[in-house]
Amino acid sequence: MPGNSFGTLFKLTTFGESHGAAIGGIIDGCPAGLKIDFDFVQAELSRRKPGQSHITTQRKEEDTLEFLSGIFEGITTGTPIAFLVRNEDQKPKDYSHLKENYRPSHADFTYDKKYGIRDYRGGGRSSARETIARVVAGAIAKLILKEKNITVESFVKQVGKIKLDKNFNELDLSKTESNIVRCPDEKTAQEMISYIEEIKILGDTVGGVIQCVIKNAPVGLGEPVFDKLHARLGYAMLGINAVKGFELGSGFNSINFKGSEMNDVFLSSSRDDSTGVNLSSSKDDLTKGETNATLRQAQSDKQVKTKTNNSGGIQGGISNGMPVFFNVAFKPVATIMQKQTSINSRGEEITLEGKGRHDPCVLPRAVPIVEAMAALVMVDFLLLSRTDKLF
Amino acid sequence: MPGNSFGTLFKLTTFGESHGAAIGGIIDGCPAGLKIDFDFVQAELSRRKPGQSHITTQRKEEDTLEFLSGIFEGITTGTPIAFLVRNEDQKPKDYSHLKENYRPSHADFTYDKKYGIRDYRGGGRSSARETIARVVAGAIAKLILKEKNITVESFVKQVGKIKLDKNFNELDLSKTESNIVRCPDEKTAQEMISYIEEIKILGDTVGGVIQCVIKNAPVGLGEPVFDKLHARLGYAMLGINAVKGFELGSGFNSINFKGSEMNDVFLSSSRDDSTGVNLSSSKDDLTKGETNATLRQAQSDKQVKTKTNNSGGIQGGISNGMPVFFNVAFKPVATIMQKQTSINSRGEEITLEGKGRHDPCVLPRAVPIVEAMAALVMVDFLLLSRTDKLF
Amino acid sequence: MPGNSFGTLFKLTTFGESHGAAIGGIIDGCPAGLKIDFDFVQAELSRRKPGQSHITTQRKEEDTLEFLSGIFEGITTGTPIAFLVRNEDQKPKDYSHLKENYRPSHADFTYDKKYGIRDYRGGGRSSARETIARVVAGAIAKLILKEKNITVESFVKQVGKIKLDKNFNELDLSKTESNIVRCPDEKTAQEMISYIEEIKILGDTVGGVIQCVIKNAPVGLGEPVFDKLHARLGYAMLGINAVKGFELGSGFNSINFKGSEMNDVFLSSSRDDSTGVNLSSSKDDLTKGETNATLRQAQSDKQVKTKTNNSGGIQGGISNGMPVFFNVAFKPVATIMQKQTSINSRGEEITLEGKGRHDPCVLPRAVPIVEAMAALVMVDFLLLSRTDKLF
Amino acid sequence: MPGNSFGTLFKLTTFGESHGAAIGGIIDGCPAGLKIDFDFVQAELSRRKPGQSHITTQRKEEDTLEFLSGIFEGITTGTPIAFLVRNEDQKPKDYSHLKENYRPSHADFTYDKKYGIRDYRGGGRSSARETIARVVAGAIAKLILKEKNITVESFVKQVGKIKLDKNFNELDLSKTESNIVRCPDEKTAQEMISYIEEIKILGDTVGGVIQCVIKNAPVGLGEPVFDKLHARLGYAMLGINAVKGFELGSGFNSINFKGSEMNDVFLSSSRDDSTGVNLSSSKDDLTKGETNATLRQAQSDKQVKTKTNNSGGIQGGISNGMPVFFNVAFKPVATIMQKQTSINSRGEEITLEGKGRHDPCVLPRAVPIVEAMAALVMVDFLLLSRTDKLF
């Protein structure tokens, strides 16, 4: 409960400060018998690594992962999986000038007041470097989901006002990794990259939207009433640095429609007239509903299809077998390379110089983090669902 | 963890189906020594009661509350507070025609598949009647917050496309209860009411946005890294029926600004040039940033002010002393008074007749529910913050 | 965490004071599809009911149970099961003379200091009447265990110095209910009853030992490292009023043997020379090891047998397929019918008169409580064990 | 919940196998502002270290502790404290002969069946080497308790049949560390040592009893009803390897007395005739009640004294201000240096050779482990007690 654990049956506890000895975590509750694909885990980590392209921070970190327990001869044993990444970039330089300064829209002030002390080197615990642990655990969660053919895919849908205005089912998500901004539409990707380059030159930052799509989730994940599937997904996403908003399915755009337009009609087993066009998809709006035109998911007698998917794959808080999808809004990060006025711990006005190595836009690197947190939620509910019924 | 508990130190566990014997809950962890204002608790319950106006469902329920434990001579004893509301409206009518039918965008199908059985009478556990327990617990949470002068106020900000386009600090929130739609701006309220009346005649439903504003929260609430204050608030809101989105502070609108525009500049103790106009407030957008022009909150040496409040009162996941505010998006509820095509449990196509007593727009009645859930989150963190420091 | 919940996947939260409106609880996490045998549940409740014989308190309580939710047409639905028993015996008499007095070895003083307030009527929350909720939940847990052929049986092994000096496998546990003291050996039972009658005449009380035996538990229950099966069993037992000690298998008597004597030798599949006589069984000692001579439990290829069962069916914190058994020590309850010196809330010396209706020996009524708590532990681990392995 | 976390507000999660890369843990919830005495923490670790005397195992381990996070400039920051000890003794030798063998009364068989896989090198996760993490966390917990003047002291009370037959208040507990067996009575200590030497020569093992005494705990720790202080203490102790029993205060010996003899009479503020002689202390019994003759603890108006302390400092599950004390029974450990018959994973009979480096008696090294677990429980309740009352 003190805030550094996530999940119940598949539980991640993380530790580490930006410039401390290491970042890492413990996964408790990983079922025994999972073969760990170490290359995959390291590859996931590399997706969030700084310095991976010219539009991300140039901080060099190798992020070499070490597993300390819970895996024997490459297989999980059911005991806790501990892991860490050393902070190689720990320079003996003097951070003491930051000690008393509160940067605007950072956690400096709030940590100081909450705890009476903070590790001010590079943001300490509030640094997004902490997400290393999430990505490692998320990678392991993905390996479990893979056994059930469940996929978790995210992509950059919007950067500033540059928006990919297509439904996910109209996109080839395998192309997300084909460019440095992680947008599966090449043309939009290039626009985003150009825009981020401009922002970088200004020493400024920009936010955007990441969409996450989860396919092949079985019917029945999510727990009424407080632990609805999307409540946990939202909780997971809102715990990521710089996230300001979350919406499931048709989300905020639901407001623009009537119930008769929004309801997702079930298709009888004898018909399949899914049009692939959702009513809301004709609107020019950021967060409109997405449709699963393909409907190729229905695999068992348990599953039915709905004509539209405004529900985002979740009804009554429980997955219904359609793709689960949601949007996550990231603000522009607070660290800018411009002069700013602020205060110090004595309430005196100061001027902050913008310098160092930072991300003009965190979204490309946040894509694997969104996926990781979503995977943690899904695995937790997948395990929990084993106890839904007596037999 | 099975989903019917919320909170850690101030923990609510709820029970009850729409047409079962009763709805209720247990609050475990309420500190001893709180005087219960029973009239206030019942009044909160009346705010969510059906049949309170012609724009809500006409289901008649008295919602008479009984406390069973944990309160002695009007004061909390530190032991669990159990309470219940009997379901007076239990009619011996035959619901069996609903047994096999899956209503679109309801929980019928998912409950059936998850559990293999469901109480189909009036939606069973998935009915919003369950929120009675939340409102009761929230009322007690509010009484605790009141001791610290913390207020939690919600209002209807948007119904369909009718939007109250003002910052909360430009509004007199005490007027929220002055009209049946719970919008503090009388002119907008009348438009909303007229629109809901139209929708009702159509037998249709409409969604909207509720904004919640929490004032006077002390600096330091929220737990890094997973239990950020807004992560828990979002989790709480997304667990309410029909909620599809959550955004803190400038939320999704953050995307439209650069970091240099979004950062909330701290004001030094010698200056107070808060303009009351946030950069984002010039935009015509649903979810724009709100500004706390008044800044009358700073009460102690612990507190500082920021010129704008795009952060929504939370930085690094921890309250910074500025007002906490967020928007909650509700879809139009799924129950409409129109004919709809659907399927039954055998996958056969059926036609559903729209009949009964339902809400064309749940937002007015959801206002106290949003407040209740927010109050639960705040009390939990308020108690937890007592352990932040050694002394 | 505030203390009134027990279990994780099968979680009971209880409420109620001795002379408040009701005693009850909520079970969250009961799997769907369990047929509730209401007669069995009520029968379990009757086993703990006061006034059931002349050696228990004569307080008359009908303990009529009402289920409020979670059961539909006699079957559990997977939603929370709430239940309550009204306190019929609430007399409008004046308890105010107890308000300021602290009874020796009761919870009066500690509750007052912890909370600053207490419901002093009949002990309030500290009354053993609270165990009603445990017995109800335990009965439902037993119904689940029954589906797996797992039995949980307790009996009174010792009252004062009168001890049943036999291993459980030498006893016919079906005879436990054949006498009012719940000791399966008729001769010893009669001695115990006579002794309790003597104690009752003296206005005094006496303690003893209850032994609990769990048969047919599958191999694999219990979680390393902190949630060892016996750690949770001990935790469960020590939360019962008046319990002062817990020991698994050979328990405290293990001290009297060497490792070479205590080790439970596995029997190979080709041999079965289990003697039925444990080394420790030749000792005249309260808490000696028990042997499972019968060894009829081995049902699947998963199970092996051990020659002795000093381990009490648990090795490394995990059930090994042999019977799990443990002893629970109850002190003589503090409420005696004699004059006692004590103090009041001002620290002044007072004299307490012994009067009212109380149990000279709680053990017979504690038998179903011990079983109930053990059943809660076993069901929790049974559900949790479904997530041990990937497949 | 998967079993490797302990505590709620001060929560330890541990990891590591005996011959894996490292043993360690994360403490989440340690309040900010605690100065870490690193020498003290290392010293505690040295108390449990193997090879510290000729009566313990000769396995050489330096147990060098590294902190990875949560401490800045020697002070806790409120963020998670991660730490690890590398397993220096990892030899590249072949353990594969153990792979298929099940040692009697070890966890080999149960781990294999539960998980379908186990790290068989040196017992893997079931090795007591895991307690390193407990001792580190316990040391930090002790530093917090020290700020409140609360002490946690354990000592070896019995080895085999050699028993220290004195109440703790008759002993000088500062002498516990003066001999290698950790018994504060020098004469008894020498007898114990001689006995362990004999057992060692036999290649056998022996168990015993550790008593733990907690002084200066404030009134009010412990949570009704399931989380009684002694229920949590028992839970903590029973999670230690080889522990078979737990008893609070007069424990199992309570059975030998009547309620009128066992009740702990409160002393009025005007009298202090505490005799220092508890009725039960005249009995020659292993687990008799202890008396706190000194009664020097009463420090504030909150505290009262009782004439005897059969309750073990806890009434109604809540500390009453008197010393909390309890006994923990350890069986002789299963690893003996003698030939034993057993089975392998195919159910075939095998003969195990006794060889290697092992403890003839673990009690001396278990003393700091008992203290550590007790300290964790006490700190958790100490923090939790801050939320008992509204103000």
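A, B, C and D label the chains in the order they appear, each numbered from 1.
Basically, contacts are C-beta pairs under 8 Å (C-beta built on N, C-alpha and C of every residue); 3 or more make two chains touch, one makes a residue touch a chain.
Since the model is a prediction, treat every value here as computed from it, not as a measurement.
Graph distance from subunit A to subunit C, where chains that touch are one step apart, equals 1. Of the two chain pairs examined here, A-B and A-D, the one linked by more C-beta pairs in contact is A-B. Separating the CA-averaged centres of subunit A and subunit D is a span of 42 Å. Chain centres here are Cα averages; for subunit A and subunit B they lie 25 Å apart.
Counting partners per residue, subunit B has 1-5, 8-9, 14, 29, 32-33, 78-79, 114-116, 125, 224, 384, 388-389 as the residues that reach two or more other chains. Residue ranges of subunit D in contact with subunit B, taken from their complex: 1, 8-9, 29, 31-34, 76, 78-79, 144, 147, 224, 383-384, 386-391.
Of all the residues in subunit A, the ones that touch subunit D in their complex are 1-5, 8-9, 11, 13-17, 20-26, 28-29, 32-33, 66-70, 72, 75, 77-82, 84, 114-119, 124-125. Remark: subunit A residues 1-6, 8-9, 14, 102, 104-111, 113-116, 125-126, 130, 158, 160-161, 199, 202, 204-209, 219-220, 222-228, 230-239, 244-252, 254-260, 262-271, 286-287, 302, 304, 306, 310-312, 315-320, 329-336, 338, 340-343, 347-349, 384-385, 388-389 touch subunit B in the complex.
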